[in-house]
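Please read through the structure below; I'll follow up with questions.
Chain lettering (A, B, C and D) follows the sequence in which the chains are written, and residue indices restart at 1 in each chain.
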Amino acid sequence: MDLFQRLKTDARPEWSAYVSHEFVEQLGAGSLPEGCFRHYLVQDYLFLIQFARAYALGVYKSPTIDDMRASLEGVKAILDTELDLHIELCAGWGMTRPMIEAAEEDRPTMAYTRFVLETGMAGDLLDLQVALAPCIIGYAEIGADLKKRHTAKIAGNPYRRWIEEYAGDLYQELAREFGIWMDKSAKIYLTESRYPRLATIFRKASILEADFWQMGLDAEATQR
Amino acid sequence: MDLFQRLKTDARPEWSAYVSHEFVEQLGAGSLPEGCFRHYLVQDYLFLIQFARAYALGVYKSPTIDDMRASLEGVKAILDTELDLHIELCAGWGMTRPMIEAAEEDRPTMAYTRFVLETGMAGDLLDLQVALAPCIIGYAEIGADLKKRHTAKIAGNPYRRWIEEYAGDLYQELAREFGIWMDKSAKIYLTESRYPRLATIFRKASILEADFWQMGLDAEATQR
Amino acid sequence: MDLFQRLKTDARPEWSAYVSHEFVEQLGAGSLPEGCFRHYLVQDYLFLIQFARAYALGVYKSPTIDDMRASLEGVKAILDTELDLHIELCAGWGMTRPMIEAAEEDRPTMAYTRFVLETGMAGDLLDLQVALAPCIIGYAEIGADLKKRHTAKIAGNPYRRWIEEYAGDLYQELAREFGIWMDKSAKIYLTESRYPRLATIFRKASILEADFWQMGLDAEATQR
Amino acid sequence: MDLFQRLKTDARPEWSAYVSHEFVEQLGAGSLPEGCFRHYLVQDYLFLIQFARAYALGVYKSPTIDDMRASLEGVKAILDTELDLHIELCAGWGMTRPMIEAAEEDRPTMAYTRFVLETGMAGDLLDLQVALAPCIIGYAEIGADLKKRHTAKIAGNPYRRWIEEYAGDLYQELAREFGIWMDKSAKIYLTESRYPRLATIFRKASILEADFWQMGLDAEATQR
């Protein structure tokens, strides 16, 4: 069993609460109120900026050139591609770049991103990878699952593009490679006596990811 | 006007929401449900541990020996004194050390502490000081204000000890010195074009502090 | 006067000792013993790895997306291009990739790179930029100066490729842009009372750069 | 065998070059030129300031409260006691506080201290401990060894105070406790595949410590 599977197994309730969150269910069913998705999208943009910083921290923290390059891919993906794609995606939902850039980080956005960054800074590359994993691998799991379960009605789902992006080969492969990279670090840095500390990081990160969905769901009432 | 006053003035709504939070009002009136206070106390213990790390980061970040020593006082206060006092205070509310040490950080505890630590790591000593200020100076303001407003009935207030600790000369002086120390950094590192970034840090930290009170208030329903 | 010119002017002796180092003079004249250059090349490879980490730290430390992108260019330049070019350059001098990768960092390599990284971590982006400047802009100045002074005999100079790389438009532009980027940070973060601290960083970094040349010069005796 | 013994055994030549350095030998024999010792003393003061930062980083990096407290002892020892003792010791050699505080860090001082700080920041607490060990435990070994070998003539040795400080029970105990603390981290974080990376840190730190002695020895020629 790879490290991710083990961590997931040991954080069963928190992991379920995250990947099967009501926001996710409604997204898959196409019934999520648009205002929820819009709020999520904008916060996800701000989230990505912090995640680029986290990957950059990974480059700094890397003990080998291979690790540096693996982490650099994450920074490049976000700063060179994803942020612009995100702006474009937002445009499809009627939000302009100035609107998005003027937005302020909501609490769950700050909570998860700063937790990841600080965990990585205080610890080593493996700590950082474990803090990033719920997001990176979790989104692949959610995307693939939604695609499979809702494939019949996906054509009419307003969130189809989102689902297909994370269910797509490109993202699935990226997540798979992240898992392999984390296992490489684990091979060198993981001990049984250290494992409980990593499990705590993973569990907390999963909780904070679930809060991020909840923020989207709560947005309907407050923002529209 | 010193930097703290300026930051507070520019974050008026967030500051009010924090220092006049319903949790604070009920604490002052002695009407706060005990379960709320207990939850707060335990989380505050976990909070203090992270704050000791933040002060230690301040020692690391200090450009002068004087700055190092000022920051060291904060680490010593927490690790040498406050943590034990806190355990003792908790004992008065029926909570034992093992109970407290087994507790897990709640979301608002993680959110505020990691924000402070990460802001300080990414920036310089002044960024760190501004992120710490809402807590350090805010508690002095809250303590003094509650003491003044509720002085007639303080004898019967179950939270008297808490109020008098923060209203007391020792803490008031500590907070005053923190403000002076922050102004010293500002004298060297503050520019007008940088100020808005510091104002954002201060505002976010104030929001996250208010969330910490809210966590206490919400505890009643969930935990008792 | 931009920040770089000011810093250079205030570190006149250290700057001269660096840019007009005997190693540089002999490189320009083509009289540098090959062993010196070989030792320098290998150490410069190890140096670049640390510099990629420093640029990645710059991404982490960046207060804006523009800063993040500017810093990312540095990481990409090294990890995606320069390291391989360096291996190729070394091959022309009879050194294979395994030889280079097995080499151990010499003292001056450690001294300068860790100084840059640690200065950047302890301070803000501007501190990091100032610590990087002697290398980034200094190499452009040295390259351009050597090209101009030795242009008549450059065809026969065994170190022609090195000189032309740093004298070339690509590198000159990169250094110019770095200076502009540093000035952007200075506009926001520089105060007169802070300036002496930046001047000290710049001066120390220049000294440590000169030591890097000296290491090359000393290599002849010890390594051949 | 504890981790320190293992690291020392695997860095035999670098360790010998450090603990049996000519500076150490002359110090023990009382034949070290005064100018060498004076230069060393002043640099050691500047070194201690950086070491206090390294211990503070240790507090920040600590995964447990016990680790935080162990590391805090190091910060307190330096900032509350050792720096003043050092000034006093310097006074006995005719150097005033202003002279010492105006002194600038020499290269070997920067090289070792920044290496320690940066290693600790990039890695975890164990990396930091291993980088600190050659100094902390090495001085105990050197002090005890000099005391034993030169006990007959120690009364007339001008460096007697230095030797007896590090040979004394207080320092010996401090070093012993540091070793125990490092072993505690190793029990949780050490793996065989990670060990070579720690060995490299230890070896480099030992080299940089030897350079610190050499700086003292070289001072005679340049400074008197």
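As a convention for this text, contacts are C-beta pairs under 8 Å (C-beta built on N, C-alpha and C of every residue); 3 or more make two chains touch, one makes a residue touch a chain.
Every value quoted in this text rests on a predicted model; they were computed, and no experiment measured them.
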Higher number of C-beta pairs in contact (B-D or A-D) found for B-D
Looking at Cα centroids only, farthest away from chain C lies chain B
CA centroids of chain C and chain D: separation to the nearest Å works out as 31
Expressed in whole Å, how far the mean CA point of chain B lies from that of chain D is 37
Chain centres from averaged Cα atoms put chain A and chain D apart, in whole Å, by 44
Note: chain C residues in touch with at least two other chains are 53, 60, 117, 121-122
Within the complex, chain B is touched by chain A residues 53, 105, 107, 110-111, 114-115, 117-119, 121-122, 204, 207-208, 211
Chain C contacts chain B in the complex at 60-61, 63, 121-124, 127, 187-191, 193-194, 197
Listed in rising order, the residues of chain C that touch chain A in the complex are 49, 52-53, 56-57, 59-60, 62, 65, 68-69, 71-72, 75-76, 79-80, 83, 117
